[in-house]
């Protein structure tokens, strides 16, 4: 067993809205080992992004708040860290790449300056050196002729290029953990392939861990070693990528796989298997298992009591009463 | 359904409710005021001129000895009417021009909007003075002048709303279904421009009253002895050293009305503008 | 089954971007640049390509939401590019569209019954009691409850809104439906519901689809024929089984290989393309793919390849293969 770099224990992040309490993350446990890529998958509103923002302590207060749990990063509990400590960690030891490469760069500054700024801030080097390092980072993420592109403004770059710049920025301080929130969702397939390849390669190079958040199961299969499937604020299934993808156990995970047409396997005459119902409204969640309304196996116990994550085989856990 | 929700939101918005309360008070005053006002606003009483506030004249008297409280009360009706009429005069043509310019684009848009730009190039008060000078000083002409001055504002707001709506897929969908231009404008675009218009019109009420008061102050608006707040303010100016209350009370009345509409308008914007949700 | 419903020939649409009020230098976006296509009755043509390749524009041109600059579109053998306004209105009954974004494709201020009934009102098909009955029937067909017709769009989820959009498109019993990324803004578990609905409707009403998507797995599943588009041009057009078995054009090949597989052990032999998709503003000369193509030869830069039939029946535009 490798040492875990990040360990989330029973994390609960709630949002207190006018209409009621939204339990966006409701008891999440997750471990990320040194140098490992963990995929967190789920549909909109399942809590995957809120989990990431909780790690970064970027939950918009006072509406949202971490109400319970621990996030241990190298032994420090980030939930209890002061804002000042967090500022040292953010962008330096933990960095984040967002979905939208259009809006996450400031349009009025040169990209080089934006990368250099982070380096200067966290590494305490001179402006000149930071600039040199920025060029180096751009070269590393595969931007051709970085000496001239460093002077570009974000609008002069394509979406794929901008995402490379974001990754360069995120990696510029050699973080231990990089959180990538839907990093390829806004990109075209051929560009997505380039970015995934880049992330893979860089991970080897800088040996940081990655938390990859996405709704795309294919992307997870491609790059992650472990996967957590989230539904309505819970991790419903967790395991190493091979056993989870080969042998999904939770009815939700299973349903997801069956509802996606697969290469040369699904024939048009047979309809796709569907998960009935809609993505749950976090304000009106039922007692017991959150998936019960859409589950074809639901029985009495599911409506009464919330299941716990239990180990069903080595490195594979499921939160479902069907398995105990 | 939607309206019920909007009203519930409104009740929760303290700014809007404060504004609404002020407006309601003034409207109430305008309706029942004249029957409760202690004195005739037009009867001069030269013996008691320029008296400070007292039990008999809570707001004091003006240079002709008229009761300022009564004049302010009667003036509320005039000011609210000015606001309503001036705003409608700018709103109706402004909306139509904005709809046409935004929807048809280019050949219709260019002449309309360039003309609007020309109007906007004049300072509002100067243009209003110019129009009243042509039409002749009177209360009605003040309203027309103020109304005309603000047409470009409505045209611009409606046009920009239409431009963003035009790109919305539901407009494309109606076109794809074979809907006529008239149908698209009347049933699909116009209803969606109403929220921003309401917000702007509410804020515009305050501005219109202020402009009308300014024209009144310059002697171009309501003619004596009409108790219009701006004209009263202007009159009080001469006595500001010896009897400041003559100008102060109509000034406060204008302030209250404008504040009421502005607060309400700001609150409405928060509620109706979906981009802020 | 081989009856042709739509035939597109040399279709072209350029957009001229005005650089500024006083500037004469205009940039040209070659959105659709000489496209030839055939859509057969009762079948689905899947149109794939990356953002900005012109696939949505092509759909809108066939629908006559926009006017092409040049070329021909024949619907049931009839040229539809030179119709009078009144005839275009009638054509709307035969060709309909389902949009990608179920949020902006429904007017937020109209009730569901008004939205679904609108095409029937516009074309004077039904009114009053009859209109209401038709709306109810349409709602049942797409899996909505009739009592939901008194609600407003914001009271529905994305999937339900897409069902409303489908009901509206079906109202006039069209022959061709252009489905422009109909599920790509929906959650994964909802996508399958909508895809199944579209397929059920196709077999029930013998609909023809032009199915536009960037999701290759989905296109494989729904299509009978597939057209791959790159920067305003069709680079490969083939039967679904054929192209998915072995794509011929190097771009199709790279595109198909880039789609992540759901099997973590199937480490794909990805073909990574160099560089970005070039801008459709002043696209590359010759073969538009030559800037990224691993197989390019000198000829590719100079001469534009035409679609030519290959032994397996596919049409491919490539000098090398």
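For reference, chains read A, B and C in written order, and residue numbers begin at 1 within each chain.
Just so we're on the same page, contacts are C-beta pairs under 8 Å (C-beta built on N, C-alpha and C of every residue); 3 or more make two chains touch, one makes a residue touch a chain.
Given the structure is predicted, the values throughout are model-derived calculations rather than measurements.
If chain C is left out, touch-linked groups of the remaining chains read A | B. For chain C, the chain with the farthest CA centroid is B. Among the inter-chain contacts, the highest number of C-beta pairs connects A-C. Separation between the centroids of chain A and chain C, computed from CA atoms only, is 32 Å. Mean C-alpha position of chain B lies 50 Å from that of chain C.
Separating the centre of chain A from that of chain B, both taken as means of CA atoms, is a distance of 52 Å. If you check the complex, the residues on chain C that touch chain B are 63, 65, 88-90, 92-93, 96-97, 99-101, 104-110, 118-119, 122-123, 151-152, 155, 165, 168, 172.
Interface of chain A with chain C (complex): residues 43-44, 158, 160-161, 188-194, 196-197, 215-219, 221-222, 241-242, 245-246, 255-257, 259-264, 266, 268, 271-276, 278-279, 294.
Chain C makes touch with chain A in their complex at residues 50-51, 157, 159-160, 187-193, 195-196, 199-200, 214, 216-218, 220-222, 244, 254-255, 257-265, 268, 270, 272-273, 276-277. Across the complex, chain B meets chain C through its residues 1-2, 168-170, 172-180, 183, 187-188, 191-192.
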